[in-house]
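Given below, in the form of structure tokens, are the structures.
Look at the two complexes coming up: chain A is in both, with chain B in one and chain C in the other.
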Partner chain A sequence: MPYSSKILDHYNNPRNVGSFDASDPTVGTGLVGAPECGDVMKLQIKVNPQTGIIEDARFKTFGCGSAIASSSLATEWLKGKTLDEAMAIRNTQIVEELALPPVKVHCSVLAEDAIKAAIRNYLEKQQSRHETTSSTQASTHPSGTLAAEAAQTSA
Partner chain B sequence: MTDHFELLGLPRRFALDPQALEQAYRLRSRAVHPDYHAQATQAERQASMELSAALNTAYTVLRDPFRRADYLVQLLGGPSAAEHKQMPPDFLAEMLECREQLEQARGQPQALARLEADFHRRSQQLIEQLGQLFAELEQLAPDDPRQAEIRRRIRMVLNAGQYVRGLLRDLNAGGA
Partner chain C sequence: MAVKTPIYMDNNSTTRVDPRVVEAMLPYFTEKYGNAASRSHVFGWEAEAAVEDARERIAALIGATAKEIIFTSGATESDNLAIKGVAAMYRKKGNHIITQVTEHKAVIDTCKRLEREGYRITWLPVDQYGRVHPEQVREAITDQTILVTIMAANNEIGTLQPIREIGAICKEKGVLFHTDAVQAVGKIPIDVEEMGIDLLSMTAHKMYGPKGIGALYVRKKNPRVRLEPIIDGGGHERGMRSGTLAVPLIVGFGKACDLCRELMPEESERLRQLRERLRRGIMDNIPDTYLNGHPTERLPNNLNISFAYVEGEGLMMGIKDVAVSSGSACTSASLEPSYVLRALGVGDELAHSSIRFGLGRFNTEEEVDYVVQLVIREVNRLREMSPLYEMVQQGIDLKKIEWAAH
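This part shows the complex of A and B:
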């Protein structure tokens, strides 16, 4: 199968491999997998809570070269983006950038899922922090809208 | 269309006596073997060849507990592998850990052997879970609304089986 030079580059020199402390409140962790091939992908973002900008990203992927390249590229793209901009990243952009062959499109889907899962995880953490700090006086507020939304989309 | 169980004259159940399967397959295959039909017409020979191929497929699918469960859960209404891929985060975290252990065990035959035993044990546990879930399913009336939920759980066990199979495949491939 002919792989593009970009896939090979990311596969041979993956960017941002590693982990952040998943318990850090400014870190969002997305963990996704593909049962059909047994691939597992962990993608983490580190967000500046003041600006809402993703300052750093890490990944760890066990899978084929295309899955590794897709997540490596995703971490590069995530840096410097706002959460909204990150949420707008589509797998088709990854397919295009890496020139993924049709049989490997699902790897880019996995990367998009991982980005969204990481963002949801970060938002849930922020939400629950907000709830615990304000729960004493804000019992009348409808709580957990963001987290509830996130939970809905993940279900 | 005749399903794999019917073709072999076996009850449509996950619980299956391996010897009964073996025997049913052998008896039926012999009866339709093309060698016994050398004098038959072209059409008859063609039919017996097709039946023979169908028996082979049925036997191969039913012999493997994961493939048998996958086949049966789809006969019963799904979900198919494509329809339900989601796995709980805890499970994915566990698989990530297994992958990391595998990575670290490379080049250490003893550590690899321990992992292989662990993965086989996981696989065996999943087969047991399939047995329990199908038994639960059989307790329910066909129109019981809880059927769908149990079938969904069966699909999740099958998905887990795919991940474990991937681990074993990569362990034995020795690469990556």
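This part shows the complex of A and C:
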């Protein structure tokens, strides 16, 4: 299928590829998808604890060009946003920006899930730091665990 | 070295029409445009003569006689006609058909329809290379079995089935044997007599002929195979397939068969060497790559490789100057990866990471070398971007992670 020029641009020149130290308390990590489904996204945010603003973001993605472009775009959008603003990013905005065809909408859904998982992971870390002095949460847990825990704490 | 792009390496999907084939076809569009069924004038006579000439050339490629070739629109129709035609004609004799799980959809979906209509279908499993063992066929045959349908070569992984042995068992048991030989005809020697084949599906466009024309070989002697037609009409093709014959396409099909017969010994060896050059170039230089299908019992032109930690469609986008295909589900609505690779026991993760390279008559060594370098570069680039690769580098066992399926 023909790809939009924006997908091609993000695929050929992906923004913010890489990783932060997941044990850093100012970093939130979201890992969503599954290898057997053909898509896995790892998205990380680095938050300024004083201002609550996302200062930097990184991603790594196993998936098709649209999945790579969706996560690359997401990291661009996250920088400079507050956690609440980041939480409000919708997959439909990604679909629109990249002109994703219907068969690729799930890539944008995954990117939205990854954003939310990363934010929840950051918030959990902040909370557990307040509650206890030692954080026992390994931060590279896959999203299933994170999402379930985050749903209970409800951001 | 200047290689012209895009490079076509999807010859298991379709092939470029050989210029010699095009040349042979052209007069039948503009000058000799008669209907081969017109018996009353020279236009009809020359069209009929051209069709009968092509029929002989096609028959000669598979060791058949001209009268045993029935023209169809392509192999999907040939498969439908063979299976539904036998099922309807031999219904009183029995209701059991044997096939296997990596057949083309034209066979699988036809069998599924018959299953819904009350026929019993045995779906034989395959081994890790995609092969059925002849003894599995023998054990599955009952007194109700009317047809065994097993492909000659698989379209995704190139694995060859032991059709000679299966044909012998079918002869011994008195059961009709159909083979979908779309990928094999013109690439490897096929002889319906030596291999005990009663019905054989083939198509022109996989062998440098035009799209829209195929044939079904229907055995006339020992035994004489009868078919219930699925298309009714003027009674063309011995009543088995009505409809005006596509004379220019048939002429092209005949020429394509001629060329394949003439070139096969040299061409199959050349393609096998190119394929091995491609396989070694990729697999010797990229770790964690896996060959799908049989290492030796495979089509000379087919290569199917899984690149761990890299998704197939993502990789295709990186090598977009090269036309290949992938077992990834990303382009389909279903999210299910290749059923063929799954049947081999290839995990879904590696099925999503597979690329099929189909070499053909017009590929060159320079193109192969170019593709090798491009694939190495892109796989390395995408692995640097892959969270799975990163986790494996960190010593994390991906299988131990509870992934959230979505």
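A few remarks follow.
Throughout what follows, the second predicted complex is superposed on the first by the 130 of 155 C-alpha atoms of A that agree within 3 Å, B and C clash if a C-alpha of one lies under 4 Å from a C-alpha of the other, contacts with A are read in each partner's own complex, and residues count from 1 in each chain.
Here is the rule we go by: a residue touches a chain if its C-beta (ideal position, glycine included) is under 8 Å from a C-beta of that chain, and two chains touch if they have at least 3 such contacts.
Worth saying up front: this structure is predicted, and the values here are computed from it rather than measured.
Contacts of A:17 after superposition: chain C is touched, whereas chain B is not reached. Contacts of A:3 after superposition: chain C is touched, whereas chain B is not reached. Touch counts on chain A: comparing chain C and chain B, the chain ahead is C. Once chain A of one complex is fitted onto chain A of the other, the partner contacts of A:100 are absent, as it touches neither chain B nor chain C.
When the two structures are aligned on the shared chain, A:57 is found in touch with neither chain B nor chain C. Judged by the touch definition given at the top, the superposed model places A:110 against chain C, while chain B stays out of reach. In the superposed model, A:67 makes contact with chain C only, not with chain B. Chain A residues in contact with chain B (one complex) as well as with chain C (other complex) are 31-40, 42, 60, 62.
Touching chain A in their complex are the following residues of chain C: 309-314, 317-318, 328-333, 335, 337, 347-349, 352, 384-391, 396, 398, 401-406. On the chain A side of its complex with chain C, the touching residues are 1, 3, 11, 14, 17, 19, 31-42, 60-65, 67-68, 103, 106, 109-110, 113, 140, 142-145, 147. Across the complex, chain B meets chain A through its residues 81, 85, 87, 89, 92-93, 95-96, 99, 103, 158-159, 162-167, 169-170, 176. Note for the complex: chain A touches chain B at residues 31-40, 42, 60, 62.
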